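The structure appears below as structure tokens.
Naming follows writing order (A, B, C and D), and every chain is counted from residue 1.
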Amino acid sequence: MITLNNLHFSYGKKPLFTDLKLDVPSGNIYGLLGMNGAGKTTLLKLIAGQLFRKSGEAQVLGFDPVKRHPAMLSDIFYLPEEFYLPNMSIATYLKLNVPFYPKFDQNAFDRYISEFALDTSQKISDFSYGQKKKFLLSFGLASNTSLLILDEPTNGLDIPSKTQFRRTVASALTEERTFIISTHQVRDMENLIDPIIILHDGVIIFNASLEDVSESIATTLELDEPQGADVIYSEKVPGGYSVVRKDPDGTFDSGVDLETLFNAVIASPNSFKGGVK
Amino acid sequence: MITLNNLHFSYGKKPLFTDLKLDVPSGNIYGLLGMNGAGKTTLLKLIAGQLFRKSGEAQVLGFDPVKRHPAMLSDIFYLPEEFYLPNMSIATYLKLNVPFYPKFDQNAFDRYISEFALDTSQKISDFSYGQKKKFLLSFGLASNTSLLILDEPTNGLDIPSKTQFRRTVASALTEERTFIISTHQVRDMENLIDPIIILHDGVIIFNASLEDVSESIATTLELDEPQGADVIYSEKVPGGYSVVRKDPDGTFDSGVDLETLFNAVIASPNSFKGGVK
Amino acid sequence: MRNILLLLKKQVYEDKKGLIIYASVVFGLILIPNLVMGFFGKLPSSQDDMGYLGLFGNLLFAGGFIMVSITYAQEMYSKVKQHAWLMLPVHAHEKLIAKVIYHAIIYPLVLLIFIFASSVIIEGLNAVLFSSSTPFLDMTDLAVWKMILNYLILQSVFLLGATYFKSANFVKTVLSVMVVSIVLSIILALIARVVYAPYAQVMFHGGISIDETTFIMNTNAMNLLETYEVIGKTIYWALLAPFCLVVSYFRIREVEAKDAV
Amino acid sequence: MRNILLLLKKQVYEDKKGLIIYASVVFGLILIPNLVMGFFGKLPSSQDDMGYLGLFGNLLFAGGFIMVSITYAQEMYSKVKQHAWLMLPVHAHEKLIAKVIYHAIIYPLVLLIFIFASSVIIEGLNAVLFSSSTPFLDMTDLAVWKMILNYLILQSVFLLGATYFKSANFVKTVLSVMVVSIVLSIILALIARVVYAPYAQVMFHGGISIDETTFIMNTNAMNLLETYEVIGKTIYWALLAPFCLVVSYFRIREVEAKDAV
């Protein structure tokens, strides 16, 4: 689906990516995590053909993204953080934009729109930011594109909408579709994003499924400051310590807390299966 | 600190607030929650004097906000979701803006800036969105204004920054200062915001401290569908049911999960102490 | 007073880059054609300094009106910048006064000095390179100060337009002025027809016999005309700018977050 | 082809509101002064229809250039709208062709019909109200079609400016054209000096004795002048527009997310 190799990219003279590698097979909801300025949005734009790499190889859906071939673009839906919607009704918007997406499914669109409780009689430019996001998401999901890139999709959504978002995206996943969700709100994404990709200092320092991770480690909440050789990472939180321990035998039967995992990976990436130096 | 009474407000003909009441004493970090379109930002703007009420009374820091008296404005810091920073260095920005805030504390500012790891040699317009937010927050905290209004402050902040944000805001709270934080990211705010104000359909349906709430109810995670008369609210979540139960005797010794509380209050506001019909 | 000075300082710092670009473009636009004409030996004769005066007038009026129009559109009515405008702890009248001083007093004076300095540099160059000697811009010329006085009045109209209209205020101001002028001239023409009808009848149909009555009536008509002129001048020189300022003040005081576009 | 039609449809829908405002303002600006002049009995004489032709020319050139400038600034280089521009599943050349058809072909024709229709309505009104009878805009006038042909060429220059400059493209295009013209005229003047120096010497210093050589040389000079004219016309009519189109195409193909301002 997506293969990046030896990718170099820089804004001006300061290099952001030197020798970036990434391989994304289809059929998953990838979570792309990273600190501010790590280059998450830049990576998404390189994949979508909005930025051109300085050198290296890239293949997205069988195309070189810099060519921006219509066949590639019509198979990608990209929800950015900032967007603009014209001053028209939903029906007009669909009339003008659907012809560019051959796999668009009108029934699915109507279902999503009603799931998100959007008022079809309103002009889309009068929607609030959250409603616009839900509208674009409905359009993107209904377009049945093979690749969906969502940049901070839950920003601006209220609590019930976030729950609905998780449900809707989970139900829209098929074998042929791939989601890449870039986010800081990992707690909104728990039980949704599965293979986790962590980008740090221009390098992908972690790329693994949570199942693989939980085979070898466990995250626990402990009252006392943790001791022992099996402690990979610990941080003070209200009510005790959030601890990441080596757990190859499955002694601790706990899920993986994504925020703690993220902090632990940033602190010592090579302690994890899927992590790299 | 803030008293609103009988407040009416509408955009065009559609009324948003009819007869809104709110009383905010000083010295707390208030969490203002509500669904998209509930009017959270409108309420904040009415408090800050950016919008004028149609009728009713309002007093903020002893002033009528519509007068926009400089003495009131210099005692308020308001971090909006969307903002603009001019193309200049931090030093120039301070030189031009500090004179308007008589209680500004330069040492505190320097401390916040280093806590947020901001590069003082960079131009502020070159900062990323998250960095700009951290810069404005440092400025606002160092201004020592009595009222701080933060609209979605953790949007755009990465995971370590959110932790730092919680720490910094908690440490900046004094008896004389009041924070009002409007947010959908309640999980980022756990153990920070305490009295919770919930705005729904133009009415404040809930205004209570978490201590008061936990005296009478408990939120639990249960494996089976909950039964019994003491169940106020339950929702299916991955791994079981999130349940809100009446608990006047303190049987369940658990914290309050804010997302579940929010959903429960929206569903039946009058079941809670602090909730109104 | 302190707040106004602080606001002026802020404005200068924030406009710095734009002003430098503006000044460079103007200087380039004087310098380049001048060099070209000098190269071909076609520099204007030594008595003709209308060039600098005309340039000053164009930049004063067009540049000043555009600056006034842009500043409110970008600060008071801009979706992203309005927040800072509204939350700045100063009174509405201080914001207005600072902007008026900036656009109506500082801008004309700085522009005058700038054009004068440019004329000195360029004519110095001309003298050295092409042994031509056109005079500099004459700052003591009455025409300069008449322009500035008229600019003071007229910029207040654009100030009113800039604070009154939420978007495209320059175009809307120009159109409004046109519409108002047309309506005013229709009204004046109607008044003139009604008021002067008897005199006109006497004057055109009374033949050549000039009797005492006609004289008296004509004198009255002349007095009336003079009265109108006085009224017109008073409105223009004494009332127009204060009126525009007061209305602008109320707009600034009453602008709300929902006005941003 | 299908994509181009879809793009045109999209453009029309998205511009609809702006176009209606534009048309209303233009119609109002013709109608109101016309009514005023009619009221005072000062309508132009019946042979003078330069009014509509001149109006058409002004709107064609100024309006067209501004439209071209705005469209790329707002879509290709706008921070919020660029995303949709880049992700739209069409080829770069389809985007360019759709815009060119819209601005270079549809706009002049629709404007022509619109001004013609306006002239019919307004002269109809004039005939009824003031019994005046100025002719409508003459669509068969050669001047109209010469304007459109020149517009076709010149708008490609603004197209190039609009795609080349990321911000303030209209102003920068005008300034660039000025600078290029000045540089070109200097170069041409230099060439002229070098090439024609011998003829000029003969002509001015050779006295009145006209001998055979001077004649032959003068004929050569005339031939050279004619050659230059042919070169100039070819560049203008045949090469300028394709050159601008090709460069614009490459800019559109190579625009990146980081170009947005």
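Rule of thumb we're sticking to: a contact is a pair of C-beta atoms (placed from the backbone, for glycine too) under 8 Å apart; a residue touches a chain by one contact, two chains touch by 3 or more.
Computed from a prediction, not measured in an experiment: that's the story for all the values here.
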Contacts shared by subunit C with subunit D include exactly none
Most remote chain w.r.t. Subunit C, using mean C-alpha positions, is A
Note: subunit D sits from subunit B at a C-alpha centroid distance in Å of 55
Chain-centre distance (mean CA atoms) for subunit A and subunit B, in whole Å, is 27
Per the C-alpha means, the centres of subunit B and subunit C lie apart by a whole-Å value of 47
Among line, ring, star, complete and other, the chain touch graph is ring
Each pair of chains that touches is included here, namely A-B, A-D, B-C, C-D
Per the touch rule, the subunit C residues reaching subunit B in their complex are 2-3, 6, 9-10, 13-14, 17, 78-81, 83-84, 86-92, 253-254, 256-258
Residue positions on subunit B within touch of subunit C in the complex are 11, 45, 48-52, 68-74, 76, 78, 80, 82-84, 86-88, 92, 96-97, 99-101
Listed in rising order, the residues of subunit C that touch subunit D in the complex are 25, 32-33, 36, 39-40, 175, 179, 182, 185-186, 189
Contacts from subunit A onto subunit B in the complex sit at residues 33-38, 128-131, 152, 154-162, 184-188, 190-191, 238, 259, 262-263, 266
